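What follows is a group of structures, each given as structure tokens.
Below, chain A partners chain B and then partners chain C, in two separate complexes.
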Partner chain A sequence: MGVLPKKTQTKKKNPKQIVQSMFLSEYFIFYLTVICFVCVIPFVPKIITRSNLLNVMSNLWPLLVVAVGQTFVLLLGGIDLSQVSIIGVTSVIGTVLMSDSFNEGIFSKTPLWGWLIGPDGGPLAGSSMAIPICILVMLLVGTLIGIFNGFFVAQFKMPPFMVTLVTQMFLLSFAIFLTQSRNVMGLPDGFKELGKGYLGGIIPYAAILTLVITVIGYFILSKLVLGKWIYATGANETASLVSGVPIKKVTIFCYAFSGFCAAAGSAIYSARLNMGRPTLGEDLTMDIVGAAVLGGTSLLGGKGKVTWTFFGVLFYTILFNALNLFNLSYYTINIVKGFVILVAACLDVVRTKLAVKISVQDEAGV
Partner chain B sequence: MSEYVLKLEHIAKSFFGIAALKDVNFGLRQGELLSLIGENGAGKSTLMNIVSGVLRQDSGSLYLNGEPYQPVKPSDATDAGIAFIHQELNLFTNLSILDNVYINSFKKYPGTPIIKKSAMAARVKEVLEAVDLKVPPETIVEKLSPGERQLVEIAKALSSDPKILIFDEPTTSLTTRETEKLFAIIERLKEEGKSIIYISHILADVQKLSDQIIVLRDGQITDNDKKENFTIQRMISSMIGREINQLYPDKTNHPSGEKVLELKDISQSGIVHKINMDVCKGEVVGMFGLMGSGRSELARIVYGLDPHESGEIRVHGKEIRGITPQKAIQNKMAFVTENRREEGLFMEFTIMDNLSLVSVPEKAKTKLKIVNNDSVKESTQGMVGTLKIKCPPIEKNPAKSMSGGNQQKVVIGKWLLTEPELLIVDEPTRGIDVGAKYEVYSIINQLASEGKGIWVISSELEELMGICDRIIVMGNGEIRGELLREEFDKESIMKAAFNQNGKEEA
Partner chain C sequence: MKRLLSILLVATMMMTMLIGCADKKESSDDSSDGGGGGGSKDLTIAFSFEDLETEFWVAAHEIITETLTEEGYKVIELNCQGDANKQFEQVNDALTQEIDGIIMIPVDGDTAVTVTASANEADVPIVIFNRPPTSDDGNNITVVCDNATTAEATVDHMVEQAQAKFDETGKKLTPCILVGDLGDPNAIERKNGFYAAIEKKPDIFNDVIEVPTEWDAATALANLQSAVQANPDIDFIFSSSDFLFPTIQSVVEPLGKWQKIGDPNHIILGGLDGDATAGKLIDEGYVDGTGVQDLFYETDAALKAIVEAVENGDTQPDEVLTDPGFALTQSNLEEKRMDMWGNAVGAEE
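And now, the complex of A and B:
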């Protein structure tokens, strides 16, 4: 992973101190992932097979890119519940444009029939640039929806929970309305490569898209003035205003980025299925917010990192994978998942308290 | 019966091996007001927390009326007749006065969990009367002014009929008039035979109210004498352990005639009315007024935080329309707000991030605005040196790890890094100790000497008279008077500020 605890180079510590520093490290969730992973191996050796690990990875990329966007909104102390519907609506819009045939019996009842799509497919059917253009359109639509969310939150001081819950409902229904609940098929061959293909046979295309966006997110938060402003706005909006932080622009940016990331996730999810699907992201809310929060990002704003979210997503994906390998039913998996998240979130609270206690002791020179 | 209602013997307490109190001895007599003074961190709060059962001493004993007294929880102190009125108001603003008074002792219909209001209303009325607060017990606390809330806090304390009252900085958020009222109530409580421990930074008040004064420094009592034998000078030197010859630095600035800021007929209905004023280069302009007089509100308007309906704001002669904080900063304004915790600092952020927040966009040269870490490090470290900020390493430690005085310096420092030409400071010394106050005054004086225009808003008149070249008096949203340094006169300033109907008299 390239990220190792920074404090290991100092003098030898006894085992208790090592455990304590691991427990308090900001990469705690990463260690937990490794422990969890290792513990599962004896029970389900299949977890370390190449095909399973590839499967884990392919589940990781789309969730990561969406969760990175969510992290930006969480940093403001907000929440973006509309991401799941952005995934659905951009999935439909993107695929409708490039599909090369529609079944008239099914699609002639949709509002798109006749002016945008016909029996010969969408407007970009057969075009050599169809795939990149469609992905760009998806990203653009996602960003615009994010700007819409951000505008209402920033300009009218509406609670983000409410604004994005409304857009979530609206967009989900809108996506279903567009295709009358049908999946969009007949996509160009190249598109599914985004879900399953490898650049040079080694690096998945999905990984490239995700990592580029993740690195951009990391760069914004850690290197740019904009990042400082995002943290400041989330930690103390009044003080930020006094300090000349353009809090409205910062807020709108974060929601826009969240929408952008959701659309990028949608492209990968759609490509994996090789279809457009209005309800694509439907039950992902818990996965997205849960993974970001597990990484350590605070729901109260002002605290969080892209790297933390990465570890949160990794933990989440591996946990889910392990539960699947135990051959549990969908419901059992959700029960266990919910329980594990509760425990992990609880551990995080304990950790924070302990860290405060220890830092007080350090200051007092003990 | 012992001579003392409360007596402390050889009290010692340490936190993590650091001594906070060392061998503290004193006694409180019935009907006496004993003031406890000392710099922040001298141990006043620790001491009072021991008396009120929040903390437990490591060694030493306490006596109430000669009997050993050892509270282990706050309710023990309440039961023993000791009431603590805290510095921060601990009221639930969303509840009524009655609810607040009885929050941990609601009376109920016997055998049911249902609250019996009638059983409490009479007593609440009684205690509200005792503090001269003429509002119904059902009033929601949110609707009360800070002064009235302080009175509710006292009424709450009185409801348990205590023998000993401890006041911790009760006047911090009060206007002059509310303070006067509070003092009258304190006098009356004394006459009723209650004993009072009064903690304050405002030495003039201490001198006025006390019978006995105790000075704490570094956890030890350094001075303990009757009020008559104390001068403010002596209090200060006992507090800081060295002689300070003066409370305010010698003025070294020379106002030039060049105007940095000009306000013309600034009005916002219900807040300020036709304000005309200016601040020149190298000048320290004070603004005095009671709470609600429009002094802080005016500053917020000028800085672009709040809107105004009419009038012009000119900086260096150039009119700025539609001012926002960002425009204000571009025009070299800086605003140290009165609420350091809420509006000035990010308590969880590192000291370096706090210092650099406003100036960081300027230092980021590229189009993407990449933070220039080297320059940020260098400039913030430099500011720590310039302002003599006492703090742990600034890259790792949060703002909350510093004392109040140093926090205030960080807020000033973050603005100085933008090299402002006009500095607006609202209540710059609120809640910081004497030593730090002197340093803040010195900084203000130094900045004015460098040619910056300074606009100081304060409710402490002595402070303004000590550091300003000119004082503007505000009342009821209007300017009531303006005095040059040679005309400074406490009485006429107070008169102007208190006078509710200035126009009729003029």
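And now, the complex of A and C:
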């Protein structure tokens, strides 16, 4: 689903038009990522060291899984601002269940003390099944919050911005309330492996979790009728409704999937930091939405792909890594990041208009 | 036209990155020119800090970066803006650049533990500045003020003033503490020091009112406003950090309670840090005392520790360096005024 129709892409063969087709290709952001990466190498050769590339990938996985969920909501023409708080609240809920000890002086004033947690840890402390159960609980909680968001958006036609902003505020405060702003430590070593460990010394566990969810997302959007319903609902809700698309169920599903993905990202972020943290993810909104939009997903709905989001996240992660390696001041980094996202969004608009123009010209035989 | 615009946008995007790339920190460039001092220009220190919201952090940041640069070290500055995950990612990015040492002001004590583990894994020495880790796991040099003792000494002086007021009026005072982020061991220690002093004279105080601030001025403002509305008789306030004095002023001034010492409406006021604002308010007679962290001692200790570790090839030094701190009050103002870093920095400027 490039912005340029396939028929047109195959016709053009001269160098100028190859560049044009690259520009209009759905892989444009990927080409840009490669070009940026290559351009940076002479300035900072360390960017291609094994340790740095592993670091880039380690930063990529949690952001990717959250951004994939956001893509589903963006495809509807909505936005899920609550993802950042879902990360925080699920981080707390998941980790308190498996933590092996709590300092009484610190945690005795929390509302969880006595009935859920105590000096000997959470209810699953020491259990061999603690990690999978806790991750499942995190995913379940994330999904339920997503269903809640989706229900209000679909049933009452409330603006997604407002619904998810309110949920974000509520959940952030709720997460802080649960632990009275304290971090949850004392997590099992196996959980830490999710953030830093490798299966067979080669494939990171975080990559496995992320790729499984990403492939599921890809499969839903490209192979299932549900995917077509999602695109149709985002492109024209009224027409979809008239055509028999169950738009309420589709909307609820997309928000539920978004919550599910945020919870998966939370598991990875928590494992990397080896702690449960109520404010975890608090500042990630720009990264999540920015990466999805950079990939080409439209904020207006109906346009976007999981692969585009992958390219967007890859570009975003490499850009941030390169800026860090260049030892730039933090405000320079933020200025560059903001500007690059703005330019990318402008480019997306220009590419779309250009593709439409070329398509019209082709059809008119010009 | 649109094609031209597109090309221009792509070019701009690339240029932005490359221009950004060219904007390397002066400290690095200066260092490569060869500074003075005994450091080697081939050595790089990453300095990761939380943010520059308070005068204490600003002054610490300035001293650490300038001293290292003057001594010929390359400094990589990493500002995580209060985000623990970003701090973790930034330090990991720095570790891939074969840095020789890390000085870190962690977002909180738990993040210090996590980042220490990464530094230990990479065999890079790390100094935790001013905010201690919450556990002994891993090896690091921690430079920290004895917050409990310093807070207690400050509040002891405030309690003396409270006793005098109680003797004069016969009315119990209502104490209030602005508590910092409880994920920060410094905040907990300051709170403990406050209670240790208050509990010495339980008969002259009503119940303590705790106002959470999360080390954030906006949060402090909202919560203090609510607390003052609910308890209009608050007449004894200890701020866990000096940077909140302007916030306190903005809440109590409209109520006619921002008065100098000696005025019947004066609120007995104390803080901790020792910044220039507190120094000025003590001079003017609005604040009764403040606990002073010896910034110069702490930065000096941190710098010496990292330089020593780097130059001796000690990749996992493990030590705690304690700054005893002191209380600057109206009683010892003449004698200790210029020992407070806020006053010293202010005078220098």
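Note that in this section the second predicted complex is superposed on the first by the 351 of 366 C-alpha atoms of A that agree within 3 Å, B and C clash if a C-alpha of one lies under 4 Å from a C-alpha of the other, contacts with A are read in each partner's own complex, and residues count from 1 in each chain.
Operating definition for what follows: a residue touches a chain if its C-beta (ideal position, glycine included) is under 8 Å from a C-beta of that chain, and two chains touch if they have at least 3 such contacts.
Here the structure is a predicted model, which means the values were calculated and not measured.
A.B. asks: Identify whether chain B and chain C fit side by side or clash on chain A in the overlaid structures.
C.D. replies: On the superposed model, which is not a single observed complex, chain B and chain C fit side by side.
A.B. asks: In the overlaid three-chain picture, which partner chain does A:23 touch, first (chain B) or second (chain C), both, or neither?
C.D. replies: Touch status of A:23: second partner only.
A.B. asks: In the overlay, work out which of chain B or chain C sits against more residues of chain A.
C.D. replies: It is C that touches the greater number of chain A residues.
A.B. asks: For A:324, decide between first (touching chain B), second (touching chain C), both and neither.
C.D. replies: second
A.B. asks: Touch check for A:260: first (chain B), second (chain C), both, or neither?
C.D. replies: So A:260 meets neither chain B nor chain C here.
A.B. asks: Is A:244 in contact with chain B, with chain C, with both, or with neither (first, second, both, neither)?
C.D. replies: Once the two structures are laid over each other on A, A:244 reaches chain B alone.
A.B. asks: Now for A:353: first (chain B), second (chain C), both, or neither, which partner does it touch?
C.D. replies: A:353: touches chain C, not chain B.
A.B. asks: I'd like to know which partner A:308 touches here: chain B for first, chain C for second, both or neither.
C.D. replies: neither
A.B. asks: What is the angle, as a multiple of 10 degrees, that the CA centres of chain B and chain C span when seen from the CA centre of chain A?
C.D. replies: In the superposed model, the angle at chain A is 130 degrees.
A.B. asks: With the two structures placed on a shared chain A, what shortest C-alpha distance in Å links chain B and chain C?
C.D. replies: Taking the overlay as described at the top, chain B lies 17 Å from chain C at its nearest C-alpha.
A.B. asks: Touching chain B and also chain C: which chain A residues?
C.D. replies: None.
A.B. asks: Of all residues in chain A, which touch chain C in the complex?
C.D. replies: 20, 23, 32, 35-36, 39-40, 43-44, 46, 49, 51-52, 55, 58-59, 106, 180-183, 185, 269, 272-275, 277, 279-284, 319, 321-330, 332-333, 335-336, 339-340, 343-344, 346-347, 350-351, 353-354, 357
A.B. asks: Inside the complex, what are the residues of chain B that reach chain A?
C.D. replies: Of all residues in chain B, those touching chain A are 15-18, 303, 305, 325-326, 328-329, 335, 337, 342-349, 353, 356-358, 360-361, 364, 368-371, 392, 401, 414.
A.B. asks: Taking the complex as given, what residues does chain A use to touch chain B?
C.D. replies: Residues of chain A touching chain B: 223-228, 231-232, 235-236, 238-239, 241-246, 302-303, 360-361, 363-366.
A.B. asks: In their shared complex, at which residues does chain C touch chain A?
C.D. replies: 2-3, 5-6, 9-10, 12-14, 16-18, 20-21, 23-25, 28, 76-79, 81-86, 88-90, 92-98, 108, 110-111, 113-114, 117, 134-135, 181-183, 188, 212, 214
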